[in-house]
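Take a look at these structures.
Shared chain: chain A. Partners: chain B in the first complex, chain C in the second.
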Partner chain A sequence: MAWQTATVDSLVDETASVRTILLSVPDWAGHEAGQHLDVRLTAEDGYRAERSYSIASAPGEPVAITVERLDDGEVSPYLTEELRAGDEIELRGPIGGYFVWEPAFSGPLLLLAGGSGVVPLRAMLRHRSRVGSSVPVRLLYSARSWAEVIYRAELARLGDGVQVIYALTREQPPGWTGYARRADQAMITEVAWPVAQAPLAYVCGPTNFVEAVAADLVALGYPPAQVKTERFGATGTP
Partner chain B sequence: MSPISRGFHRRHEEAEPAGRVPPGQYVTPDFPVLSAGPTPHTPVANWTFSIEGGQSPASWTWAEFQALPAETVTVDIHCVTRWSKLDTVWKGVSLDVLLGAVSYDAPYVLAFCDGGYTTNLPVADLKDGKAWVAYSYGGSPLAPEHGGPARLLVPHLYFWKSAKWVRGLRLRETDAPGFWEMYGYHMYGDPWREQRYAGD
Partner chain C sequence: MDALEDGVVDGNAIGGLLIEVFGTEMTTAVVTCAQCGATGQVAELAVYRPGLGTVVRCRSCDNVLMVFVQIRSVTCVDLMGLAQLA
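Showing the complex of A and B:
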């Protein structure tokens, strides 16, 4: 798969440490909701670094990625703080065909996001809206605080057929009546579509979140093949 | 031909050990977990490892497997998602021992696993001290999220070939794509030639 040069069109600050980068990619072959792409940076001394990022936009929309700045990261601080509109960046993709949602997939959709794991799930939600699908969706989005919820305004506007349930694990706004703890079996049991409805689940986020949530779904009776997982290598290193 | 990324520079000043880190990789002290689905949990009482196909298929129970000669090896591992981990210590049974117990002339295998994962390899890449079925990592029994009870360990290829929760090998005349290979990952996966995706 060939590397190609893309141009940064615009940047959107989603939260204090998360930025969406919209790109012009001349030879983009299209992508599916849930896929990712690889980015490559080259320093003046020839030093290179490559990383993978989930595509944040729906098929047919301009290619976008949403990047969270990791404090000790090498690439994410550059993408979230240094990169400017007009800069060029090398990328290749789309990559990955398993963690993908298509409107033709039947069954209610259960999306479970831990932190920046919401990115590929947001691509799925945008795709669903763009094609006018009426597949019922529930999104459980676990974040540390309201300030760290990515795509906050967009998620509030999703309309009928999409329920968004937040779990704010560290800090909650005054008067918060939603979940105020990490996802656990009780929460998953309350939020998950009943197994009898043949739901399809996508879990994405740090490995601890994904491990626990996927196990909880299987414990509820979800067939393992109906629980797709994508773990961000979020390990504290870039 | 690559555009220079304005303002980008190397972040970590310590040099990677020369010759140990394949192109595009970074060294991590962590041991990340990546998988496509929930972690299977197979009780060892129900576990078997089988070699299917060939002229004399074989199968071992957990107790029989534990009785086989095992080795402790220290190897570097390289994940296609770009992390590399150096000097990882594993204990397991060499594929030379397992393949040595069967009679075959097939050139390829498809490794199959609990949870449905598969991956394909040439037999030549499993032989001559290059591969193990490992059941211990870092001196402890291999944890389920890292592939326990046992996983394939083939350190000279990208780590998706080191199939977690492995239950056996199916000997084959042809090289058939396994799980990730079907989704566009490279059929062979040599990290030193950066064979991440089909066509690389």
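Showing the complex of A and C:
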């Protein structure tokens, strides 16, 4: 799979530290919902840094990635602050055959996002909408605060068949009646589709979040093969 | 900042590296640990990236299954911890 040069078409600020980058990729072979691509930056002295970013757009849409700026990051500050429309970046992809959702998969869909783990799940939601699928979906989205919820407006207009449940772990807006703590067994039990409905779960976010939530689902009786996981590493604390 | 650049991740994170090494998508391939016999998909294995190289471990017994080290344009691959990769 070759590295290729893509051009930045436009940038969208999602939150104060998160930006979506829309790309033109000349030899893009198409992608599936949930896949990612690798970005490679080369400094003037030849130093290279590679990072993986989940594809934020649905199959058939222009390729987009959503990047969170990490304070001590090597790549994310450049992508979220320096990159401009018209700039070029090197990337390869699409990558990944495991953490993928297709409308043909049966069973209600349970999506569980920790912070920027929502990115590949958003691609799945957009794909579902674009193909007119009526698979019922619940998204549990854990974020530190309302200000840090990515795709806020889009998630609010998802419509019938999709329930979005937020857990705001550090700070809540006045009058908040939703979850105000980190995901735990009780929350997962309340939110998860009953096992008898043969649901399919996708969990994505920081490693600690993914491991805790996946374990909670298995403890509820979800067959491990029906719980797909993608760990982003130790990106920040809840 | 601890010794690991990004903490423990999983086999999804090395999807691109695996395509480079094996020539094909590998995250759904099933691995059998040579130490404890546990099986699992590559995507679900524990992946550590301590700055130089990538270490993939068995989730059941922590045995090192795969090691990848890239030096300039050469990738060194050690699969001695695997009994099988299918």
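Quick note on the criterion: the second predicted complex is superposed on the first by the 233 of 238 C-alpha atoms of A that agree within 3 Å, B and C clash if a C-alpha of one lies under 4 Å from a C-alpha of the other, contacts with A are read in each partner's own complex, and residues count from 1 in each chain.
In the analysis below, a residue touches a chain if its C-beta (ideal position, glycine included) is under 8 Å from a C-beta of that chain, and two chains touch if they have at least 3 such contacts.
These numbers come from a predicted model, not from an experiment.
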**Prompt:** Looking at chain A, does chain C or chain B touch more of its residues?
**Reply:** B
**Request:** Once the structures are superposed on A, label A:99 by its partner contacts, choosing first (chain B), second (chain C), both or neither.
**Result:** both
**Message:** With both complexes overlaid on chain A, does A:207 touch chain B (first), chain C (second), both or neither?
**Reply:** both
**Item:** First (chain B), second (chain C), both or neither touched by A:22
**Value:** neither
**Asked** For A:82, is the partner it touches chain B (first), chain C (second), both, or none of the two (neither)?
**Response** first
**Asked** So, A:229: does it touch chain B (first), chain C (second), both, or neither?
**Response** both
**Message:** Just to be sure I read the superposition right, which of the two partners does A:1 touch: chain B = first, chain C = second, or both, or neither?
**Reply:** both
**Message:** On the A-aligned overlay, A:49 touches which partner chain: chain B = first, chain C = second, or both, or neither?
**Reply:** first
**Fill in**
Both partners, chain B and chain C, contact chain A at residues 1, 50, 52, 95-99, 207, 228-231, 233, 235
**Prompt:** Which residues of chain C touch chain A in the complex?
**Reply:** 1, 4, 6-13, 15-16, 19-20, 25, 27-28, 41-44
**Message:** For the complex, give me every residue of chain B touching chain A.
**Reply:** 2-12, 24, 26, 28-30, 32-40, 79, 81-83, 115-116, 145, 179-180, 182-184, 197-200
**Prompt:** Which residues of chain A touch chain B in the complex?
**Reply:** 1, 3, 5, 40-45, 47-52, 73-74, 77-78, 82, 84, 87-90, 95-99, 207, 211, 214-215, 217-218, 224-225, 227-231, 233, 235-238
**Fill in**
Within their complex, chain A touches chain C through residues 1, 36, 38, 50, 52, 72, 92-93, 95-99, 206-207, 228-235
